[in-house]
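In the part that follows, the structures are each spelled out as C-alpha cells.
After this come two complexes, each holding chain A, first together with chain B and then together with chain C.
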Partner chain A sequence: MRDARGDIRQLPGLRLWLSGGWLLLLVLAAIFAPMLSPHDPLEQDLFAARLPPFWEQGADPAYLLGTDSLGRDLLSRMLYGARLALTVALVAGTLTCLVGATLGLIAGYYRGWADLVISRLVDIWMAFPPVLFAILLIAVLGTGLTSIIIAIVVIDWTRFSRVVRAEAMSQGAMDYVASAQVAGRSRLGIALAEILPNVLPTIVALLTLEMGIAVIVEAILSFVNLSISTDEPTWGGMIAEGRTSIYQAWWVLVFPLFALFLTVLSFSQLGEGLKEYFDPVLR
Partner chain B sequence: MQIVRALLTRLATTLVTLLGAAIIVFVVIRVVPGNPIAMMLPPGATEADIERLKTLYGLDKSIPEQFWIWIVNVVQGDFGTSITLRQPVFDLVIGRLPATLELSLMALLIAVLIGGTAALTATLYRDTKIEGGIDVAGGVALSLPDFLWGLALILVLGVLWPLFHISGRVSPSLGFDFQSNFFLLEALLRFRFDVVFDLLGHMLLPAFALAIPLAAIILQLLKQSLKECMHDDYITLARTKGYSETSIITRDALPNAILPTLTLIGVQFTFLIGGTVIIERLFSYEGLGNMAIDAVINRDLPLIQGIVLVFALLFTLVNLLVDMTYAALNPRLRHA
Partner chain C sequence: MSYLSIQDLSVRLRNGLPLLRKVSLDVKAGEVRALVGESGAGKSMIGKAVLGILPRAVRLTGGKILLDGEDLLALPPKTRRQRIGAKAALIPQDPLTALNPSRRIGPQITDRLVDILGWKRPEAEARALELLEEVHIQSPGRVMKSYPHELSGGMRQRILIASAFAAEPKLIIADEPTTALDVTVQKQILKLIREMQERHQTALLFVTHDLGVVSKISQSLSVLYAGKVIEDTDVRAFFDAPRHAYSKALLAATPKYTDPDGSLMPVPDNIIAAVEREVAAFDAQMNE
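This part shows the complex of A and B:
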C-alpha cells in the first residue's frame, strides 16, 4: 500500500489558491459589473425569452448564458447578483463574528452571571430552526439589505460564541494566563492581549465559513421571495425563477446554482486552509 | 442519587429554554407592522368589524396578558385557531408533523448508512488513495448546505435523469385512502408496496439533500475514532488471533469507537430537522416547515407560534434523549 499522505499534505496550498482565485474573480465581477454586463440586468425583452446558452441550438450570441422567462440576460444578472452576495458575505459575516466572538469571550473568560445569561440565550437560540427564525425576522423587519444583514447576525452569532467560549475557557486555565495575573495585568488586558490572540486562528476560520453561510442565507431568503426587492438581480431569486421553469429552461437554475456552489465551497475551503496555515501544531 | 439530580436539573433547563423560545417568538411576531386582521377582511370592512375580530383573537389586550392567556391554553392543549386556515392550530400541526418526522428519520437513516459505510471503508483502506478520495468527497459534502444539495439533486435526478419526483409527498393519481398521516409507515403496514414505491420516489431526494452534510460529519468523526482504536492492544490481540481486517474493524474497533459519534448524531439531528423547513419548501413537500413559511408570509400569528413551539419542543426533546442515551451507554457516567 502506497502512502497517500504526501498527496493530501500538498492540498492545503492548492486549496488556498483555488478558493482564493474564485473569490478574487467574484470580487472583480462585482466591482466591474456595470462595465462587464452586456445588457441591463433589469431589461425585459419578451421576444428574447428563455433563450438557451451559446452552445445550444437556437441561442443568440448577444445573450451568452441565455435569458430567463422575462427575456432578461442571465450573464448580466449573475454579475450584478455577485455584488449583493459579496456585500452580504463581508458585512454580515464580519458583524456576526464581532458580536458572537465578543459574547463568547466574555462568557468564556469572565464566567459568572454573564456566562450564565449568554449560555442560556445560546440554548434558547438552538431551539429554533434557523431558516424559520430568519424568515420570521425578515417578516418583522421588512425586506431589504439592512434587514438581511440584521437577520443573519441575530440568527448566527451563537456559532461564534459557542466555539470562542469553549476556547477561551480552556485558554483561561493555562499557566500563561495565571502568570499574567500574577504579573498584575488587568482582566480586560489579559482577555485582549493573552486570550484573544490564541483564539484568533479559530475565529478567522469561522469567519470565512460564516461568509459562505451568509451567502446561503441570503439565497434562501431570496428563494422564498423575502430578500430585497423582487426586481433586483440576486442568485437566490434567479434560483427561485429557475426552479419554477426547470422543465422549460434548465439553464436559468444551473448558472446561479453553479456560482453559489463554487462561492460557498471557496469560503469554507479558504477557512480550512487558513486554519491549517495558522495552526502551529498542524504546520 | 446524583443521576436523578442531574436529570432534574436537565429537565428544569429544558423548561427554561422552551419558555424563553416561546416568549421570544411571541414578542417578535407581535411587533410585525402588517395588521393580520386587516388582511382577513374584505376591503369595505368597518372599524367596528376590525375591533370585533381583534377581540375574537384576543389581540386587543396587552402583550403580557396575551402571552399569559396563550400559555395557559397551550398547557391545556389549546393552541388557538389559525387566522388564515380557520382551523385549530393543534390539529393543523398534528396533521403535518408526521410528514416532517418521516422525512427527518429517513434522512437520518440515509446519513448513518452512508457516513458509517464510508468511515469503515476509509479505515479498512487507510493510508491509500481510497481514503484520500473519501476524505475529499467528505470535505465537499460537508462544505455545502442541504439547500444546495437539494437543488443539485433536483437538476440531476429529477430533470436531467428523471428517476424521482421533485415535488409533493404522494402522487394524487394513486387514489390511495390514507387513514393516518404517517403515509410511509401505513403503506408498509398495509403491504401496499406500489404506494411505498411512490412515497419513496417523492421522499428520497429531499431526504438525501438533508442527509449528505450529516453523512460527512459522521464519516469524519467515526473515522477518527476508529483510527485511534486501531492502535489499541485488543486490536493487536485480535490480529494475532488471525481475524481478518474487516472483521477486526466491525467487531472489535466499531463498538469501542461509536460512542462519540452517537452523541454527535443526536446533536446534529436537530440541525437536520431545522433544515427540513427550506428543503420541504424546495420540494413542495407538505410538512410542518412548508406550512411554517406560509404562516409567516400570511402573518398567521397563532399558527406561527404553534409551529415554532412544536419545533422547539422537538429539538429539546431530541437533546434530552441524547443526554439520557449517553448516560445509559457510558459506564463511567452510569456509576458516577
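This part shows the complex of A and C:
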C-alpha cells in the first residue's frame, strides 16, 4: 500500500522534470537564437533548397535539420520561431490568467450582481466558436503580435473565470471563511489571503495549460497566414509551408510540428505537475 | 447584566419563509447557556446572526442584538465587524473545514491579534504559543508550522479553541463543537472548553442537540423548535421538571434518561403535532 502510494508520488516529479526540461531548453533557444542560429533565418539560397536533415543521403552539414523549398535553414527558423511562440505563450497566457482569474474570484466570492454580470458575459462568450472569433478579431485588429495577444486574452479569459468562480464559491462556503469574517477581516482581505491561496494550484495549472493553448492559437493563425508578417519565421507558418512539399521534403513539416507538439504537451504536463506540487493536501 | 442579549430576533429566507421567529435569549457575563433543538431548528442561524455571518439567502427582518450593551444592528458595518471581532468568537462544528487548508496554523491564530488588536507579529506569535500550551498541545512550536491536514481532528479542534480565545473575547459561541469528533475525543474537548471558559470568565453560548452534555456544561438553557424558543430556563429546573411538553419528550429521548434496557424513546408524534400547531398559531398571530 505504502509503496504504491510512493510510486504515484514519484510520477509528478518525473513529469515536472521532463516538461520543465524541454521548456527550459526552449527558453534558452529563444533567448540565444541570434547566437545559436547557424544562418540568417530569412536568407534564401535556391541552390540549397530542400536539403534533407544531417542523417539522410545528400545532406549538407552546414544545414543540420535541412532547408525548405526556398533554401532557408530550418534549424535557424525553428529557433527564431521559438521566440515568437514563447513570447505569445508568456504574455498572452499571463494576461488571460490575470483577467480571467480576477473576474472569476470576484464572481465566485463577492457573488451578487457582480456574479450575475460576469456569469452572463461568460455565457455569451461561450456561444462564439473560438477559432471564428479569433479570425474575426484579427480581421478587426489587423495582424501582428499585439493583435494575437489581445485576441487570445479576449477569447480565453472565460476558461479561467469559470473554473476560478466555481472554486472560489465552494471555498467561500467553508467555515474558515466564516471564522475570518468573525475575526474582522475585510472581504478583500479574505478574498486575497484566504480564498486565493486555495485556488492558486488550479490557477497555476490553468495558466500553463493556457500557455500551451496560446502556442497553438498562434500556430493556427500563422498557418492561415493571419499572424505576423509573412516572412517572419513562425512554427505555424513553417507547418503551412511544409504541408505543400510534404512528399518532396517531409522534414520541413515534421520538425516544427514536433516542436509544437512537444511544447504544448510540456505546458499541460507542467501544469498538472505543479498543481500537485502546490497542493498542500496532495503534497 | 447580560453580555449578550437577543431580543425578538426574526430571520427569514429571501422568499419570506421564517427561520427564526422572534427569538429572545440572554447570556450573562461569564455564564454558559446551552441552546438545544433538533436539526434544522435554527440553532446555528442564531449564532450566525449574532456574529454577522448570515448566509446570503437569508435576511434579518427584525429584532435587536445587544453585545456588551451595544446594539450591533444599529452600528455601521465596519464598526460592527470590529466590535464582533474584538468581543466575540466562534468555535465551529467541523474542525476540518474551519482551518484554511493552504495556510500554516501559526498565522491562522495570530491573524486576529494582528488585524483586530494591532499587535506586532512576534508578540502575537508568543501569545499563540502560550495559547496552544493552554489547550494542552505538545510541541506547539512544531504545530504552529504545520498545515491543518497534518493534524488529527482533536488537535484541530484544540487549535480552534485556542484561536477563539486568542483575543480574550467575552463571548464565545460554540456550535456543536464536538459533533464531528469521536466519542473519546469529545469528552476531552468538552472538558477543555469548560476549563477555558472558567479560566477566562467568558460568556458561552453552547449549541448542541445532546441534553447529556447540557447538564455537564451549562447553567441555563434555551430550547428551540422551528425557530421559536419554546423554553428558557435554568438547567436544574429543566432537568427536574421541564415545563413544555416538547421539552419533556426531548428529555425522555435522551439516552441517559431512558429505560435501563437502553431503548430510546423518540419524541412522540402527538407532541410534535402539538408544537407544530403552536408554531402555526404564532405565525398566524404574527401575520395579523
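What we mean here is this: the second predicted complex is superposed on the first by the 274 of 283 C-alpha atoms of A that agree within 3 Å, B and C clash if a C-alpha of one lies under 4 Å from a C-alpha of the other, contacts with A are read in each partner's own complex, and residues count from 1 in each chain.
Here, a contact is a pair of C-beta atoms (placed from the backbone, for glycine too) under 8 Å apart; a residue touches a chain by one contact, two chains touch by 3 or more.
Keep in mind it's a predicted model, so treat the numbers as computed, not measured.
*Asks:* Taking chain A as the common reference for superposition, should the pair chain B and chain C be classed as clashing or as fitting?
*Replies:* Partners fit side by side after overlay.
*Asks:* Thinking of the overlay built on chain A, is A:Gln181 touched by chain B (first), by chain C (second), by both, or by neither?
*Replies:* second
*Asks:* For A:Ala219, using the defined touch cut-off, is the partner it touches chain B, chain C, both, or neither? Pick first, second, both or neither.
*Replies:* The first partner, chain B, only.
*Asks:* Looking at chain A, does chain C or chain B touch more of its residues?
*Replies:* B
*Asks:* After lining up the shared chain so the two structures overlap, which partner does A:Glu194 touch, if you call chain B first and chain C second: first, second, both or neither?
*Replies:* Only chain C is touched by A:Glu194; chain B is not.
*Asks:* After the superposition on A, what does A:Ile239 contact: first (chain B), second (chain C), both or neither?
*Replies:* first
*Asks:* Determine, under the contact definition given at the top, whether A:Ala168 touches first (chain B), second (chain C), both, or neither.
*Replies:* Neither partner.
*Asks:* With the two complexes superposed on chain A, say which partner A:Ala107 touches: chain B (first), chain C (second), both, or neither.
*Replies:* neither
*Asks:* Angle chain B-chain A-chain C between C-alpha centres, in steps of 10 degrees?
*Replies:* The three centres form an angle at chain A of 90 degrees.
*Asks:* Please state the minimum Cα-Cα separation between chain B and chain C in the superposed model, rounded to the nearest whole Å.
*Replies:* So the smallest C-alpha to C-alpha spacing between these two chains is 16 Å.
*Asks:* Do any residues of chain A touch both chain B and chain C, and if so, which are they?
*Replies:* Overlap of chain B and chain C footprints on chain A: empty.
*Asks:* Sort out for me which residues of chain A touch chain C in the complex.
*Replies:* Interface residues on chain A, with respect to chain C: 111-112, 174-176, 178-185, 189, 194, 197-198, 200, 280-281.
*Asks:* Per the contact definition, I'd like the list of chain B residues that touch chain A in the complex.
*Replies:* 13, 16-18, 20-21, 24-25, 28-29, 31-33, 127-129, 131-132, 135, 139-140, 142-145, 147-148, 151-152, 154-155, 158-160, 166, 270, 273-278, 281-282, 289, 292-293, 296-297, 299, 304, 307-308, 311-312, 315-316
*Asks:* Residues of chain A touching chain B in their complex?
*Replies:* It comes out as residues 1-5, 7-8, 120-121, 123-124, 126-132, 135-137, 139-140, 142, 212-213, 216, 219-220, 223-224, 226, 239, 243, 246-247, 250, 253-254, 257, 260-261, 264-265, 268-269, 272.
*Asks:* Show me the residue ranges of chain C that touch chain A in the complex, using the header's touch definition.
*Replies:* For this pair, the touching residues of chain C are 48, 51-53, 56, 81-82, 84-86, 88-90, 92-94, 97-103, 108, 111-112, 115-116, 147, 149, 160, 163, 167.
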